[in-house]
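What follows is chain A paired twice: with chain B in the first complex and chain C in the second.
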Partner chain A sequence: MSALYRILKYAAILLWSAFVIAPFLWALTTSFKTANGITGGPTYIPWLQYQPSLEGWRLLFRSGGGGIQIGGPYLDSLIVTISASLISLVLGTLAAYGLSRFTFRAGFVRNADITFFFISQRIMPPVVLAIPFFLMLQFLGLLDTKFGLIIVYIALLMPIAVWVMVDFFNTVPRELDESAMLDGCSPFETFWRVILPNSKPGLVVAGLFCLIFGWNDFFFAFTLTFTQTQLLPVAIVALNSSVTPWWSLSAAALVSVAPLVAVAFVLESYLSRGNLAGAIR
Partner chain B sequence: MSLVATELTRRVDGVVHLDSVSCVLERGRFYVVVGPTLSGKTSLLHALAGLDAPDIGTITFDGADLAAVPVWSRSVSMVYQQFINYPHLTVYDNIAFPLRRRRLAHAEIESRVRAIAETVSLTPFLERLPGALSGGQQQRVALARSLVKGSDLLLLDEPLINLDYKLREQLREEFLNIFSAQSRSILVYTTAEPNEALLFGAEVLVMHEGRLLQVGSAQSVYARPATATVARIFSDPPMNLVPGSLDDAALRLGDDVRLPRPRHFGPLPPGPYVFGIHPGDIAPNPSGIAAEVELAEISGSETFLHVHHAEMRLVAHLSGVYAYALGENVQIALDGAKLFAFTPDGELAAAPTSGG
Partner chain C sequence: MSADRSKFVFVLPGLIVLVAIILFPLLFTIRVSFSDWDVARPGLDWIGATNYLRLVHDTRFWESFGRLALMAVGSVLLQYMLGFGLALLVWREVRARRFFRVLFLIPMMTTPVIMAVIWRTMFHESLGPVNDLVRLLHFAPLPWLSQAGLAMMSIITVEVWQWTPFMFLMLLAGLLSLPREPFLAAAIDGAGPIRTFLRVTFPMMAPISIGAIIIRLIEASKILDSVYVITSGGPGTATETSSYYIFIRGLRDFQVGYAAALSFTYLVIMAISLTIIAKVLARAMLVRDRA
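Presenting the complex of A and B:
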């Protein structure tokens, strides 16, 4: 009975792993093919079934001849995503602590309304925001710049940080704040010396969400930049000329998913150390 | 040298937390606030600490109004019923935390932390994180952190309630020793257990529904509760209250129980009364009134016997373990000399002479 259970358990895990890994393997094999290797039906084994070629990968680093020189956009994407995420995390965490701990009243507006206001920023379809953002950046002379994009991304990412952190701070017992104040901490010292050091689990989740949403944005990068600044998702689309180069697209997909895979491993090790849940009981 | 609270009143969303509470707390004294859950004990501590400002009322310390002094500039410590410590700091750093906020010299901090750790038996655990300690040890850390500052006002909000019975007994004894050494602080301790107040032998403040009902020594409150409500709160299990009446010769309980008029009632005028008797003063006795057993709870080496005679329900607190069957017929003796009399409004009219 238990042997059967083990067999079934491992079979299920294998099946699921195959389901998750297959697209990556598919992209990996495709990235080493050329037009010949793709049109002839599904093939998987290099040298036996198709002749591997580095052409797809070369296109990513070449200029001209359909190449896109992925290094520049890659670096820009990293700079914009990481800066916007960090600033969003700092501002969002401060806002969330205030919303969680202090009572604000402005007319009929209460804390819950302010929190909802932050979150509601993400309810609107991006296309509604595109024109106002375009006009604002144009007015500021920040169209087609990394700095402009960072500002726009902060507007998009900070609601996520506020949302996650308000939820997190609400689970931190208020008695912890009270103890800190009774022990001589001003409200900011309370936040800085006691609450923040115990908020790693919330900060990690909020930070990762910001990185993922920022990294994956295509729409705003596409509408607010043209030639000077080009983020990775937009650069990859530029590969798509009259003939779709599936081999280069596959290579670009692998390259752009790499940071997120790294982030997932960080998150996973964090989870397995038990740090994410129950830091404060 | 005292803390004076005057007419403290606080409502939150229309719910009364404190209703015109006034009290005077003297330095070097130990006060126990007794009241059931939600009676306003915690609200009172929060107001005294300065964590919640009262809607109405003032708090002065040695004559100076505290309203304008922020919490972090006051000389107050608090121990919570949840074991509240800083999870990211070691036991040593937890205890040193309030001293570091006051920018004391390194050597001074070290010596004070080690001394207090010795007092609360935490010396072997100084390098651990609070999360790696048992509940009792965590509460010792919280206590050490509150003692190390030498605050003028030390507040303890049901600090033992989340511990198991054995540990509670042990810590209670240690607390008493530690507190008796705190000669310059005002100590305020809240509990729902009147026995704890009696054990500490402290000054008692009885609270109910946000109001302060009676202040006095534990023994005096137990012997002469001002009202029937105080009598029930300050007795565990709660005092038995039975409506009845009194005339010149006799006392009637319920429909058909007649007792000779107790001598300690003195010149009490005849009329309807509510009579009270401590569960500890009732015992089965062959010459008593007939009653039927509803429930017999055994707790430790004590038995709580719930019986009823017609509509009259009584709880007897017996020391020792006795087995009673449900529905069993027993005789219960009511000693007239132990009866309290309350007016129908609940005011104390007569109490047994102590020791009698």
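Presenting the complex of A and C:
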């Protein structure tokens, strides 16, 4: 491999790395600024270019004047995302196993059509569903509640779980099921005792995808909750007005994207071990 | 319990829950689209196809499709090329490749709407670092968010930043699962890196490429969050996508009936065009595979 090729290769890698990191570095440095540090034009290095202050970070725990009281939204986001992901994963995994192992027939409907029905829900644009969901939750008395959002998120996340798990189960050899059946296991025992313990990579990837798409949703939280329940993205976007407090906004942004960055490490370890090929196809 | 009965126990819970959650909104949308429901008169009256006749002449609606197509196809193509390039770069024979793999995945994990707020401060005309860089390169500062073409570029940049990692993830997973033999055969034939890529790597990656592009096109056809935060559809309507226009009509003006007609039309057009795109892509990329 020529030296020129090597140089170009590493230059490309470093260039993209800089692009990836840029918004995070900008948010980090902005979070230590005050109004004075911002209105003078873009600055980057604390002490040298501007006087750093912890005001942006203190505002995370205060209300009013650019404060956002991040604790409540954080907890709400955690509860909604984790509950909806778990329910979606359980229902999605069961359905995926059924669709991967048994033959369904009802008129012209076959397995592939049922699988497509699950996955095709991702095509539905959120804006189409927003008003009906609003009226539906209003009718059920679930507007502005965590429970209402969880219901909506299940519809959003279950297709992802089904998509990942059907592909995954299709790569698990059927001989496993057959030998368990021969040993006298019922279909459910086969699933529970033999297949599930061998499905960790698929379950982890499906679960992580649910967490990512649940944690990162904005639109439904924005249209279906107001004051009692407030998720992180909504709380942060609320700061984005004509006089945006860039400092507390940056600090809040960093705090709220932090937990999912850990997910990148987990996904990479599955990727590099070659376990992802079966789970994503 | 017989195997025949128990197979329903696996599939039905998920199916019933999903249908219960989705069915009402969908049927309701269709019904409301034939009504005159708005702020002044909420209720399910029947006005026939009036809303659909109105939307046929709604140029703002049809223009929003053009912008959506430009935004979605443009950003997804860029994501595919960049994601494939990056996956090839850290596929093998690179120092610290696991570090770079994690780094390249990170943007996809971050909340789009929150990062869009940060990007909006970066694109700020006088106070943002993007124009600082432009000045450093001895150009005049650019009105990133207040000029039509540039605003479109800004949004595409953010979309590329956010979602290239998804392409990267899918394509790297694909690359890592490829068999070694075809590459050995190509090496024995004395094929250079470019020939190996065109004759071996790319054809073998065609199926996963199609899958990744279609998934991203589906997600991109719903673009709303980043437009809302970065430009609010502006300047004027220069970056208004279909979703955003429906959002304005339905949830800002509360023309619920008309928004429902727009929604349903949008959904049908999306389903049809995505199916066509999927078929065309499959043919184009898999034919090359056979050649």
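Here, the second predicted complex is superposed on the first by the 245 of 281 C-alpha atoms of A that agree within 3 Å, B and C clash if a C-alpha of one lies under 4 Å from a C-alpha of the other, contacts with A are read in each partner's own complex, and residues count from 1 in each chain.
The definition used in the following text is that contacts are C-beta pairs under 8 Å (C-beta built on N, C-alpha and C of every residue); 3 or more make two chains touch, one makes a residue touch a chain.
Source: prediction; values computed, not measured.
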Partner chain in contact with A:194 - chain B first, chain C second, else both or neither: first
Partner chain in contact with A:184 - chain B first, chain C second, else both or neither: first
Which superposed partner A:247 touches (first chain B, second chain C, both, neither): neither
Partner chain(s) touched by A:125 [first = chain B, second = chain C, both, neither]: second
First, second, both or neither for A:176, with chain B first and chain C second: first
First, second, both or neither for A:220, with chain B first and chain C second: neither
Chain touching more of chain A, residue-wise (chain B, chain C): C
Where chain A meets both chain C and chain B, residue numbers: 186, 280-281
Residues of chain C defined as touching chain A within the complex: 1, 3, 6-11, 13-15, 17-18, 21-22, 24-26, 28-29, 32, 82, 85-86, 89-90, 93-94, 98, 100-115, 117-122, 126-129, 131-132, 161, 169-170, 172-174, 176-177, 208, 211, 218-219, 221-222, 224-225, 229, 242-244, 246-247, 250-251, 256, 259-260, 263-264, 266-267, 270-271, 274
Footprint of chain A on chain B - complex, ascending: 49, 51, 70-74, 76-78, 80, 82, 84-88, 97-98, 101-102, 131, 145, 149
Residue ranges of chain A touching chain B (in the complex, touch as defined): 173, 175-176, 178-186, 189, 194, 197-198, 279-281
Residue numbers on chain A that touch chain C, as the complex places them: 1, 9, 12-13, 16-17, 19-23, 26-27, 30, 38-39, 41-42, 44, 91-92, 94-95, 97-99, 101-102, 104, 114, 117-118, 121-133, 135-136, 151-152, 154-155, 158-159, 162, 186-188, 191, 212, 215-216, 218-219, 223, 232-233, 236-237, 239-240, 244, 246, 249-250, 253, 256-257, 260-261, 263-265, 267-268, 271-272, 274, 276-277, 280-281
